[in-house]
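Below, chain A partners chain B and then partners chain C, in two separate complexes.
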Partner chain A sequence: MTFLKLLFRNRLAAMGAVVLGLILLLVLAIPVLPLQDPDVTNTGNRFVPPFSEGHLLGTDHLGRDLLSRLLYGTRLSLGVGIFAALIAATIGSAVGIIAGYFGGRTDNIIMRGIDMLMAFPYILLALAIVAALGPGLLNALIAVAAVNIPFFARNIRGITVGLAGREFIDAARLAGMGHTRIILTELLPNVLSTIVIAMSTTVGWMILETAGLSFLGLGSQPPQADLGSMLGEARSALITDPHTSIVPGVMIFLIVMSINLLGDGVRDALDPRLRSGALSRPRAQTIVDRKSPVPADDGNGLLNIQNLETQFHVGKRIYRAVNDVSLFVNPGECLGVIGESGSGKSVTALSVMGLVASPPGVVTGGAVRYEGEDLLSANFESLRQKRGDKVAYIFQDPLSTLHPLYRVGDQLMEAIQVHHKVSDKDARAKAVELLKSVRIPNAESRIRNYPHEMSGGMRQRVGIAMALANDPDVIIADEPTTALDVTVQAQILALLDDLRRERGLAIIFITHDFGVVAQLCDRVAVLYGGKIVEEGTTTDILDHPAHPYTKRLMACVPELGGGKRELAAIPGLPPIVSDLPPGCAFAPRCEKATEACKEGAIPLEGSETRAVRCIHPEEEIA
Partner chain B sequence: MTSALKVENLAKTFEISGGLFGRNKAGVRAVRPMSFEVPTGETLGIVGESGCGKSTLARMLVGLLEPTEGTIEIEGKALDNADPAAFGRLIQYMFQDPVSSLNPRKTIKQIMEAPLKRLYCMGKAERDKRIDEIFDSVNLRPEFLERYPHEFSGGQAQRIGVARALAAAPRIIILDEPVSALDVSVQAQVLNLLRDLKSEFNLTYLFISHDLAVVEAVSDRIVVLYFGSVVEIGKAEEVFANPRHPYTKLLADSAPVVGRPLTAPEQKDSELPDPLNPPPGCAFATRCPRAQERCKKEEPVLEPVGGDQYAACFYPLQD
Partner chain C sequence: MGSYILKRLVSAIPVLLGITVIVFLIMAMIPGDPATAILGSYATPENVEKLNRDLGLDKPLVVRYFIWLGNMLTGDFGRSFSLNRPVLDEILERFNATLILAGTAFVICSVLGILAGVISAAKQYGFADKAITFVVLIGISVPSFFLGMMMILLFAVNLRWLPVSGMYAIYGGGDLPDLAKHLVMPAFALAVVATGVIARLSRSAMLEVLRQDFIRTARAKGVGERKVLYGHALRAAMVSIIPVLGIQAGFVLSGSVFIEIVFQWPGVGRMLVDAILKRDLLLVQGGVVFVAACYVFFNICVDVAQSLLDPRIKT
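== the complex of A and B ==
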């Protein structure tokens, strides 16, 4: 059970579980324990101190056995707390799901009602409910449950609103399901974990609140014991006989503490975001743990990636995302890196500047040289200096790379001022100039826009402007136009092409689109299963693909102008990099594969400018 | 031959309430009045860029959104989803994101059974048999049935989506960007599968995509949308090879094509019109190299421009 493992990895939660477990065990064992009757008074034996003969915890002001009252009282308080939490959770979640699912007016009316309930201070509201219904434990329970309904309703509504817009709900509707069925079979299973989380964090509260009402004499009525009423009765003897207050007080503390610790643990273990490691913040630099000697500088290119190996270590599994990839790029040159999802193209790009999230990412071999200097062995400060200043990135989705709360101009200024001591005024002027250089109209006013006020194409221009902010020598563009419309894509590509000609930029352009590569890139490397399967000049690769994968991948891409036709497909699926075959990764999908392809590693053969990793290439390369 | 789907003056305006009590109601006209017909057995491609109303149109056709104006006729009868079961047997929708359209907490079997149970009231043995048949026709292995959606790759999940749509045995399937989340090598597999299924079950498709080449490869006819309006309709092999509307030409010129030099096909500062404040006249006029005074005042309507091709332009391109 991964859930329990995760839960008990959290020491505090484990401690809470142990304490709560012990208390529950004691309480459940009440029928078999040799306890005295909790309600039998013996005024001759008042205020017996703890550890006396026959009364382990002493007696209270009426001479009743405190141990016995404590256990019975704990059982009652726990029962009331849990029961109240169940009621509040059921009603609150039902209200929340209905409001979130139907939305619109229903949502508005229900949630305004809930808001009104929340507008009263909750203890006043509870007091009012008890005052209306009359004192008594059952009424206290109702009051505590009622004041906690808004908490559940708001929580669950929030989750439901997100889920109700999801496509699987539409799909259920089209499958002929009615509202009730959708709520019960599609929505409820998805919000259940949230309900459990909310409950585990509120049971403690509920116990405390019930105790509060009992303390005021509005909950359990004498002679019935619960923790709150025990405290209330002991109040008058607080100074003279403190043990009567301390005993129930410590128990309340232990219960609420253990429930809260356990509840937090349950929440962390169940929450998918936290489980996926959102709380384990990655380091500022990828861990480098090279198993093989650092390759010697071969003097290629401005940015030179040599035999790079990057892996992800998740539990016992090792994902070999990048295996022995060597690439270089010269000033003014554009290198295209083509590959499908999982081919290692993005990880290669991120490894260059140590941006692969660590853990779980580890660079296990090779070198990345910028002007001959190995960036992988550089210390963080020198790497940070080069990030953005010498080597800049453009990412796929500009909406998620720009900060939503800052104006684009301020973000550009920050990018400049991180690397150069420039006054605000000069930085602002430079920012305007940058926006102009990426051809954003009305740059002076656009600088005051927030990212959400711009269209996708404009945002990506800001992303490019930011990459250009410090006149870098190398730009690594990771699918910069994939999220854009074709007409905008054409503009952005033309812009990048102009920029590299004007400024002599070296561009590494990562994409899955042959059309884009053909138009922009001088040389191309094709990645499959974390390895380069073919590289060469763009014309060579497009006109005479040598690797069967390249050839068939190109055939899969429909070209405009061909009319209705059958499309070529590659059967099977791309390999999973945690389980790569020993030979060629493409062999299981390849028509030409022979036994030899599946046996050993196949070398990348050819010259520096044209190479292929295949023993049955489509064409002999020169 | 009756048409499988007929749309007349269909329009959708999303109201945006402004002001304190929702007084100043503004509207975004996501879909402007449009009419078209899809004969049985045809694949009608719908292309357009983001924000052109493609998905709004699709959701109206399957009854997930209420149209503001106009009528939808399916096989000669007005759209009526009062009985979800009867409606689900006529038309189905295939979603763009294969994973998010499957409920993460249900096994594939539970997902597949829902339409069979709800739409056809099948017994258990009958359901199992039907699911086996469908899985066979979309090349999925039966052992997948016990698994949960997150265990599948995009291509497999999309095939499960196809299988679910087929389970309803509909007459029409609306395919909303069915392959845009997939890798190129897998995309062709799904497209070919869709084509085979279409002839096997005599289906009618509405294929929505932003990828011009994909739409062209699978469609019989193509509708080009811009800013919520149809700007051009025509045969698939004609529309992009021989565009009449300047916008269609811009689209065709923008698609990256191997062997074509890189040039920006339009001025670099052009932006889409603001949907809250639409320009009068032709919505494309501000971006159009051929725009005249008349384009900025009057809204053009679809008119025949030779053959089966229609364009909404006062000054259509000639060949």
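== the complex of A and C ==
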């Protein structure tokens, strides 16, 4: 039901359905319509123009009624096209299922043959088949069906291969079912929908192709006419009496277009990504649509996030990823932001430089101040100039965050050259120097590597080198060590620590790992459900966690040499940010939760340096 | 690089052999007697038998295949009875014209298709996107032969801007401007469907790439939007666009059959249709094998281009 609703919400698809429906209705009504005989010639009445008495669409070169020929021709073209599609789908799917189900040599031989057929330029194969069988509508139908078999065979084989390895097929085999029965009762129902979709996308082509063969005189033979041969016969009178060509031509066009529209609609309605809006192109800058007034500058830190709110608007749903988050970081300081996946830590980080994918992301409130200037109000050019130059990012998983087709040296040089007028030679020298500074051996030759030619640790260093390229004031590191093994992780943390001491860098370090926080960070903010639940100096938080969530989160970290202490997972799941409770988001998973926790919003209480959002804190904060 | 090209060329050999087997088998299904078809129904049995012997049709199928294959490898594609000249001579002469037509159409559809797709993706849901999507929809639904006829009606008959048909003017033509004038309409008519398909695919490939993490990295570096689109995104999208160009080249090459008929272009397609109607099967056989082989070779070029573009492909 939702499928049909989605399909018809798509106005173009609905239009296609209506046009196609009308054509089908007209064609089916042929027996009851007062039509003249399509094949009766009347040479005294040749080329009568359209809208004449007795001939709504005029007559052709033999004086036959065009309207009548058009409807009969349409019926023939549709019939032949659909029939060809059925044949191609049946044989192609059978071949595909057999190849996919039996696999091994059977599969190999069949697919080799299919590949050979696909090596032909399409129509050429159809021409060869018609050449052998001789011109005629039936032969054209066979030819068109034959050249479309590989398409079905390939598609269906792909799906069958996936299904054939699944448990229910094994179960059927163990139950003693024969191959034929398994294919017919287990596999076929599962691939049927794919066959139908493939048919809906190809039937238009097949109608067009049979019309094409008839147009060439290789399909339907006179006096019988389909749309293609009507057009072919009319061609000689194109200049003197164009209506005889236009009438069948427009009909082919209408049929094919309405089928295409409907086919696209079916495909889109079945694609879940389109529904979620995930196919939208992210803009260069996150959309800012603040509902509340911009908070006044409180003069904190070099980078100061004030009451930030970022949401994702997907259809009618609103995901509140970041709620009223305030953070700041001073030069030479490292601020840790910790939380589970989905707690809003990455979105907070990306909001700073307007990098949240948008749509669907929208910043709905707060301010992000760099040296007092609100970046959310800045125009794109001034924001772009700060990106990478003043505030740089290090991302998680550098295999997907580095461009796969450019050499790492070129990517480093680009980072420099977008901000500074530097010659290629100097930029290259700087790139080598950067790679050396992150301790990549053989930096001179490494800059010629592509990302896929490097190890994970190397790539992560390239990511760090790129962030350092312009000597930024702030680095936002989003789980830069998560994908790495422990020794590499330790090296990279040490590197970052050196850099902030040497260069006075401010670092916002996002992680879910308390071990990392202890090594690197001066202060920590704990995020849960898009809100800060606790903040303070690293020692305070590690030694005296006040929020029950912080305490539970720390209990999840196994301590080296800690003996047989049980690893305590937090029961339950993180909250769904489209449906946050009015009170404490952690309450459903918290042992200490009372009714009061669930009732209303709980404020973040304490000082600027130490605060907690809890009415039953583990420890009173100083 | 050289070894990769060599490897691809070697791997084409079984495909080419497969093509000859398929064409040979199709031609062997012919109902009736080819000799009778050539000589007509009034031929004497002796003449039919002699021609069968001359054509080698009295031998077993496998032997006939290898004789035919051997002859082709030495450049002997047989003799066309309807034109009374060697098949290969006729094909080579005609193929030139087809290559000019299909090549031009291929360039048009690649350039316009990618351009339209990229603009469409860059301005997603904007006016340009909607306009392009609409035009593309019409483009992929209109039969090329009908479009060609309507172009003749509009540009040649009514506006008199371009010649109605043919490759060169009969009187005083033959130079490049003359060829260009004759080429405009057929090349565009041939390119329209492929342009639409390429534009659609380029749009979705661009949208797919624009959501990737490395695009966010480029933006985080401070790269401007124009360079993000045309440097980073398009470069990555080309990896999925190029194989489609290869497939569309096949459609353009074979679709030229219709356009050559409509515009009376002296190419292989028209030759094939004439040959089919005259039942000149040697000419059909030779023409199909020749064009298919050219297409296989073209696809090798596509693969090589792909490997140059994507360093992740092992060469």
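FYI, the second predicted complex is superposed on the first by the 460 of 622 C-alpha atoms of A that agree within 3 Å, B and C clash if a C-alpha of one lies under 4 Å from a C-alpha of the other, contacts with A are read in each partner's own complex, and residues count from 1 in each chain.
The criterion applied here is as follows: contacts are C-beta pairs under 8 Å (C-beta built on N, C-alpha and C of every residue); 3 or more make two chains touch, one makes a residue touch a chain.
Only a predicted model underlies this, so the values are computations on that prediction, with no experimental measurement involved.
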Worksheet item: Looking at the overlay, does A:Ala175 come into contact with chain B only (first), chain C only (second), both, or neither?
Response: first
Fill in: Which of chain B and chain C A:Asp426 touches, first, second, both or neither
neither
Discussion item. By the touch definition at the top of the document, which applies to A:Leu133: first (chain B), second (chain C), both, or neither?
Written reply: second
Practice prompt. Go through the superposed model and pick first if A:Ile252 touches only chain B, second if only chain C, both, or neither.
Written response: second
Practice prompt. Quick one: name whichever of chain B and chain C touches more residues of chain A.
Written response: C
Discussion item. By the touch definition at the top of the document, which applies to A:Leu495: first (chain B), second (chain C), both, or neither?
Written reply: first
Discussion item. In the overlaid three-chain picture, which partner chain does A:Leu355 touch, first (chain B) or second (chain C), both, or neither?
Written reply: second
Item to complete: Once the structures are superposed on A, label A:Asp374 by its partner contacts, choosing first (chain B), second (chain C), both or neither.
Response: neither
Worksheet item: Common interface residues of chain A with chain B and chain C?
Response: none
Practice prompt. Mind listing the chain C positions that touch chain A in their complex?
Written response: 15, 18-19, 21-23, 26-27, 29-31, 121-122, 124-125, 137-138, 140-143, 145-146, 149-150, 152-153, 157, 164, 204, 206-207, 210-225, 227-228, 232, 235-236, 239, 250-251, 253-255, 257-258, 261-262, 272-273, 275-277, 279, 281, 284-285, 288, 291-292, 295-296, 299, 309-312
Response to the item:
In their shared complex, chain A is touched by residues of chain B numbered 49-50, 59, 62, 64, 84-85, 87-88, 92-93, 95-97, 100-106, 114-115, 118-119, 153-156, 164, 168, 183-189, 191-192, 195, 210, 212-214, 216-220, 236-237, 240-241, 250-266, 268-269, 271-272
Practice prompt. Using the touch rule from the top, collect the residues of chain A that touch chain C in their complex.
Written response: 12, 112-113, 115-117, 119-125, 127-135, 204, 208, 211-212, 215-218, 231, 235, 238-239, 242, 245-246, 249, 252-253, 256-257, 260-261, 278-282, 284, 350, 353, 355, 357, 380, 384-389, 392-393, 395, 397, 400-406, 414-415, 418-419, 450, 452, 466, 469
Worksheet, complete the sentence: The answer for chain A against chain B in the complex is residues 166-168, 170-178, 186, 189-190, 340-341, 439-441, 455-458, 485-491, 493-495, 497, 512-516, 518-520, 542, 552-553, 556-571, 573-574
